[in-house]
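Reviewing the structure listed below.
Every chain is named by a letter (A, B, C and D) in the order it is written, and numbering of its residues begins at 1.
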Amino acid sequence: MFETNATIELHHTDAAGAVFFADYFVIAHSAYERYMESIGFALDQILTSSAFRLPIVHAEADYRRPVSLGGQLSILLRVDPGNSAFTASYDFKDARGEVVAILKTVHVCVDKKTGEKRPLPQDLREAFLEITS
Amino acid sequence: MFETNATIELHHTDAAGAVFFADYFVIAHSAYERYMESIGFALDQILTSSAFRLPIVHAEADYRRPVSLGGQLSILLRVDPGNSAFTASYDFKDARGEVVAILKTVHVCVDKKTGEKRPLPQDLREAFLEITS
Amino acid sequence: MFETNATIELHHTDAAGAVFFADYFVIAHSAYERYMESIGFALDQILTSSAFRLPIVHAEADYRRPVSLGGQLSILLRVDPGNSAFTASYDFKDARGEVVAILKTVHVCVDKKTGEKRPLPQDLREAFLEITS
Amino acid sequence: MFETNATIELHHTDAAGAVFFADYFVIAHSAYERYMESIGFALDQILTSSAFRLPIVHAEADYRRPVSLGGQLSILLRVDPGNSAFTASYDFKDARGEVVAILKTVHVCVDKKTGEKRPLPQDLREAFLEITS
C-alpha cells in the first residue's frame, strides 16, 4: 500500500461546483508517478533510459460523492502485477475517511522500439511486490 | 447514433508523444455536450434552469492504439437510457476508420436540491430514444 | 487575419462559474495550431520533420468579461513576424461581438538540435505575411 | 515571500517533451491557492462565504528554460496590494536555483452581487502586507 494526498484546486472543479470527472484520472496518475518514483522507477527515467514503456490500456472510475474546492483527499494505491501487465487501484478518501471515488488503471509492458508486449522487467516486478506485501 | 470529431492538439499530448489517457475522457465529454445540445438539452441550460442534474457515477476507457499530435478522430456516440440513469458509449476512430479507443460514461439523474436519485424526465428520455433509434 | 471559434465546455469552467483563466491560453493555442495548419506548417509536421522549433517565450492575457458554459467565442488571430521571432495576437469575442479577452503569445525560432536562436525560415515568413496582409 | 513547490507530472508535458506553456499558469494558481489558505483566506471560503470575489484581469509569463518530466520546481510568490486590486508575482526556479519562468497575475476585488470594483477588505490587505513584509 502506498499513500499520498491531493488538495482539490480551482482548476479541478467545474461550473457544477465539484471536481470534473476526468480530473480524478489526472490526480490518480500523479499518485502513480509518485509511487513509481518511490520504488525507484521514476517515469522520466523510464522514458529516457529504459527499453520498455508502460502504456495504459484500460482505465475506470466509480464516483461515490462529489468533492468541492479545497477538499483534502488521501489516495491509497496498490499494484497487482501480472506477467506482462499490472493493475493499479486507487481509493480516494475525503478528510473524514469516506471513500469518494475508486479508480483503476491497467498498464501493459511493451518494448520501446517494437511496441510489442513483453514480460515485466524482473526488478520492476520485485519492486511492485515488495511495496504491496 | 450521433457523430462528431476532434483533432488532437498539443495540450492533449504528453512527453511520451501521444494523447494522455485522461484527455480521452475530456474529449468524450465534449462530444456528450454537443450531443446534449443537439437534442435540446444543452448542459448550461440544465445547470441554470432544470430541477435535475446528471452527474457521472462511472467512467471507463479501453485504449487500443496511441494517437499523436494532429490526429483526426471521429467519435460515435450512442445513449442507452434506463429508468433513472443512462449510459453514453463513445467509439473513437482515426482517419482510417480504425477504433483507437472505446469509452463509456454512466450518468444518474438526481434532484437538484436533494441530490436524491429520480426518474429521467420524460422529454429527455424521449429525446434519447429518438436520436438513438 | 485568421478566424476560428470555440465553444466553452464544462472542463473549461471552474467552481466560480466561468472559464478558468489558464484555459484561455489553451484555447488560443488551439487557434494557433489551426492557423499554422492552414498556412501549411502544421505543428506535428514541424515536430517530426523540421530543423526548427517555435517555443513560446512570452504569453499574456487581458480578461474583460467572464464567459460561462456554452459561450460561443470567435477568435481573431494575427501574426506579426520579426527576424527570428513572431507575435501571435488573439482577440476573443462573444456571440454579440464584445471582446471578452485579448491574448498574445511570442514565439522564437530555434534550431532543433542546438536550441540556438535562428532566423525564421523564409517560406514560413512568407506564409505569415501572405495571410496577414 | 511565500514559497511552495511543484513536481512536473506527465499531464503538464506535451509532445515537444517539456511543460506546455499554459500549465505554468495552472501551477502558479495552485501556489496562489496555497498562499491564500496560509493567510486565512482560502478560496473555497471566499467563494462560499464572502461578499467579494477576486477575479484575474491580467496574466503574463516569461519563459526562460524548458522544464521536463520529473522537474522539481520551487515557486516564490509575493503579493503587492493596491486599493482595489493586487498583483501576485511568481518566480519559478529549478532544482539548481535557475529561474525557469516568471509569472504575474493581477486580481481585482469586486462585489459578489453587483460585480462592481470595490476596495480590498481591510483584513485581506493586512494579511497581504504581513506576509510580504
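Keep this in mind: a contact is a pair of C-beta atoms (placed from the backbone, for glycine too) under 8 Å apart; a residue touches a chain by one contact, two chains touch by 3 or more.
Remember, it's a predicted structure, so these values are computed and weren't measured experimentally.
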{"item": "Turn needed to bring subunit B onto subunit C - CA fit, degrees, nearest 5", "value": "180"}
{"item": "Farthest chain relative to subunit C (centres taken as mean CA coordinates)", "value": "A"}
{"item": "Pair exhibiting more inter-chain C-beta contacts, A-D or C-D", "value": "C-D"}
{"item": "Cα-centroid distance, subunit A relative to subunit D, in whole angstrom", "value": "27"}
{"item": "Rounded Å distance, subunit B centre to subunit D centre (Cα mean)", "value": "33"}
{"item": "Mean-CA-position distance for subunit D and subunit C (Å)", "value": "23"}
{"item": "Where subunit D touches two or more other chains, by residue", "value": "10-11, 15-16, 22, 26, 29, 44, 47, 68-69"}
{"item": "Complex contacts: residues of subunit A adjacent to subunit D", "value": "7, 9-11, 26, 29-30, 33, 37, 42-45, 47, 68-70"}
{"item": "Subunit A partner contacts - residues on subunit C that touch it in the complex", "value": "10-11, 13-18, 20, 22, 68-69"}
{"item": "Residue ranges of subunit A in contact with subunit B within the complex", "value": "15-16, 21-23, 25-26, 29, 44, 47, 53, 55-63, 66, 105"}
